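Shared chain: subunit A. Partners: subunit B in the first complex, subunit C in the second.
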Partner chain A sequence: MLQLLRIELYKIFKRPRTYIAFIVITAIILLLQIALKADGKEYVGMMMSGMDDSFFAPPTEVLNGYTVCFIILNLLLIHVPILVALIAGDMISGEANMGTLRLLASRPASRIELLLVKFLAATIYTLALLVWVALLALGVSILLFGTNQMVIPREFEFNIIDTGDVFWRYMAAFAFASVGLITVASLAFMLSTFVDNSIVPVVGTVCVIIIFTILTQIQIPFYDSVEPYLFTTHMLGWKGFFYVKGEEGITIDGSVENLPAVLKSGAVLLGYSLLFLGIAIWHFRRKNILS
Partner chain B sequence: MKRCVVFLLMMVFVQLNLKAQTAEELILKVKAKLDKVNDYEAKGKMKMNITFIKAPIATIKVYYKKPDQLRINNEKGISLIPKGSVNINIGAILSDAGSYDIIDAGKEDKTNFRIVRLLPKDENSNVVLSTFYIDAEQGLVRKAKTTTRDNGSYELEMAYGKYAEFGLPDKVVFSFNTKDYKLPKGVTFDYDDGSKKVTDKDKTKNRKGRVEIVYSAFVINKGIPDSIFSQGSSKR
Partner chain C sequence: MAAIIHVKDLSKAFGEITAVSGLSFQVPEGQVYGFLGQNGAGKSTTIRMLLTLVTPSSGSIEIFGLDLFKHRKEILRQVGAIIERPDLYKYLTAYENLKLFATMSGVRATRQKILEQLTMVGLQDRADSKVKTFSQGMKQRLGIATALIHDPRLIILDEPTNGLDPQGIADVRNLILHLSREKGKTLVISSHLLSEMELIADSMLIIDKGKKVVEGLSKELLNPDTLHVELITGDKQRTLAVLKESEWKSNILDSKDESILVMMPAASVPMLNRLLVEKGVHVFSIRPKNSLEDYFLSLTRN
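Our next item is the complex of A and B:
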């Protein structure tokens, strides 16, 4: 099994297109950081627009590494899942397209083993991409902008978190984001077991993410009842670690406003991942492999 | 017996003297204390209680220079400062006492503090009306209400201690009306944990904000460079 995993990882990381995701992420993050470094006042103005009638805050203090990382992650909401789908959606269908799937299935490893190894390889790629995002978005932002208290502008609330209370939240948020991205990977992976070309699972996953994200963010009451069932709603759960409790307006260090809801979102995402993987296994076991 | 008579006579004299103080004299008495201060640097803690803000207690440094320059810096974080906070300094309000009409509005029932209203003579002045509740005996402003043209109304409550001789309080409670706060969901991409919705609308409504500053130390009249007040922002 380990040998199989090594081979699958070798295949993933040997392909030049694997690195497209890393290059794209690097370009987006660096461009955002340069733009915010050069002229972040405008963006801070927009962030503070809900309260600039009553308060003043120096933009240079608001725009620190922690806040910049939060802004970047907010803007990468759709991009990273698309890049994950690019690889995960190719795992089975890519082999079928190249005509190597039948050869793979004829090896001593069972179909379930083969599928699990491929899924594990896709998961490792997803985690590697996330670590890269974390290093660039958080690490480079801290180097460029330094650290200070973190500002979280919300729809109806404005949270400020103490400098010493931020880092663990990012670690928790990245751990949560990995669960969300694995859900996306498992969806793309599942779709790739149904077809013999890579375009359908990749485009299909991207379409699902875009439509679900619109439904999650759209403020039409008609869709309120659907929202809790969309995995994209729960993918935003990483932000829950930055929503703090307060007592008479004072932030409580180490607190999370609604931890049970965040954990529930994590469980829902895990459930979806297992469901997609289960469907993939169920289908792949019965699949008539012709190519 | 003689001593008692002298003491009673003195008390009557003091009472008559206090009653005789006109509103103008009272303001001059307050101003005389404040005029001893050309500048100060104060350390303290600032606590905010505003419906839509959750923020840690701030360790602040307050810089003041005559006539009305004031800066509040958060030593370990973001200096989120209420607009109009210059009014936390009574000296700034009274910096040009000649430009106000001073009206005696009697005494407050509960505290017996003298109520003095200040009406700016300049029609275009940002301050529309200031009302001071003055402890006539100490010559200290205990409470002040200021209505401005652009930034709403402010209320100040002050408690004095070590620096009362300079008219500087140990504790200031600054109350003001906050305006609506709301950002579009399309900008914030909020995580909906399914628990809010009921209270959200209330959070956006105009409410009273409260900022409490407790000073731990003042450094008075040691000189403050003008550059302090121009760092990163204009006067607040």
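Our next item is the complex of A and C:
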């Protein structure tokens, strides 16, 4: 299995298209950082305009590496899944399209081994992409903007998190985001076992994400009952690590406002991943390879 | 000679379409086994079933005396194959492709071993070139090298000369003969190049519409002393009646359309003509078919 995994990773990282996602992410994050560095005070002013008069902090302090990272992730984590789908959706269908699937499937490795190894490779790629996001969004932002207390805008208030209480929250949020992205990778991967070209799984995954996201955000009561079942609703659970408990207006270090809800979202995402992988295995085992 | 492949009553249907129907055959060890049929005859489906790419609807396949679907891993470790086009990873080099497929087959191939394989197919100078720069013929040869890299006991080649120029076809022919005669490998080769198959196949199976038409040793099927004679007369039923009363009654192979196919010694052809004339049958044509192409066409034209 380890040898097969090495082969899959070798193939992924030898393909030029693999690096498109890394380049796109780098470009987007750097553009956001440059914009915030140039004109961040105005952005923070807008962000703080609706807040309580009792809160006052100079925009230069609010605009620190931690807050910038939060802003970037808010804007980016809905688009990274599309980049993940580009590779995960190509894992099986791309081989079928190239004509190499029949060569792989006629070698001694079983279909399940082949599928699991490919899924694992897609997962490693997804994690690599997320680590890259973390390095750029958090690491470079800290270098450019420094560190300070983190200000998180809520509906009617702000959460202020102490400098020393932020880093672990980011680690937890990235770990949670990785579960969410693996769910997206599983969906794209599952779709890729059904067809012989890569466009359908990639476009299919993107369409599902867009439709589910619209349903999540739409303010019509009819869709309220559907929302908890959409995996895209739970993908936003990473923000939960930045919503802290407070006592008499003072936030409690190390606390998470609603940890059970965050954990539940993580479990739902994991469940969806296993479901998509299970369907992929069930289908691929029976598939007649005619490509 | 022991059979290395034993196929019994193999059938495959895709929905309403039956691709292979009740096919049985045996491939003797150490031979070059030609697998012939028109496009859509069921050759590729059969080969895909031999490689577990397609699940049979019914029937059994034994390779090396073991049930293919129960001992898949053990069997496929000793099988090398190319199926239709030899599609490889275009963004990898020839060396990287061979290394990858060797590992997939459970073999740790050294650089020396890989270069030997590339030399065997005449690609030693292109080891580090990306496959996307290769011509169709070079890809075909590299495909054959990937099928051989783990030194398999059984080699299955589906249309191995597709896209090759005459020199390339001759090279592949020599390679097949070398593998069979010098290395003792068993080769199953499907091809529509009948003249090529005549030159290399020890045994042959001809299928049509998913069914076996004929199977046998090439020297028996294509024996120049024993002709396959196509007979066209003015009265087919009368001709058949005459033949059934003659010494050639057990030699009637086929009488599907207006013609009758009879196997007989070359020296007997004038005697057959005389007999039919004496019996009042108007003979329009008696045509010996001693090339594989003639034989193949006479068997499959319906």
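Side notes on the structure shown:
Please note the rule applied: the second predicted complex is superposed on the first by the 285 of 291 C-alpha atoms of A that agree within 3 Å, B and C clash if a C-alpha of one lies under 4 Å from a C-alpha of the other, contacts with A are read in each partner's own complex, and residues count from 1 in each chain.
Keep this in mind: a residue touches a chain if its C-beta (ideal position, glycine included) is under 8 Å from a C-beta of that chain, and two chains touch if they have at least 3 such contacts.
In this text, all values refer to a predicted model and were calculated from it rather than measured experimentally.
Partners subunit B and subunit C, brought together by superposition on subunit A, fit side by side with no clash. By the document's definition of touching, of the two partners only subunit B reaches A:77; subunit C does not.
By the touch criterion defined above, A:14 reaches subunit C but does not reach subunit B.
Vertex at subunit A: the C-alpha centres of subunit B and subunit C lie 180° apart in angle, rounded to steps of 10. After overlaying the two complexes on the shared chain, residue contacts for A:162 are found with subunit B alone; subunit C is out of touch.
Judged by the touch definition given at the top, the superposed model places A:102 against subunit C, while subunit B stays out of reach.
With the two structures overlaid on their shared chain A, subunit B and subunit C come no closer than 41 Å at the level of C-alpha atoms. By the touch rule above, subunit C contacts subunit A in their complex via residues 14, 48, 51-55, 72-74, 76-77, 79, 81-85, 87-92, 96, 100-101, 103-106, 146. Within the complex formed with subunit A, the subunit B residues making contact are 47-57, 74, 76-83, 176, 178-196, 200, 203-204, 209-210, 232-233, 236. Note for the complex: subunit A touches subunit B at residues 46-47, 49-51, 53-58, 60-62, 74, 77, 148-149, 151, 153-163, 216-217, 219, 227-228, 233, 236-240, 243-246, 248-251, 253, 257-258, 261-262, 265. Residues 3-4, 6-7, 10-11, 14-16, 98-100, 102-110, 286, 288-290 of subunit A are the ones touching subunit C in the complex.
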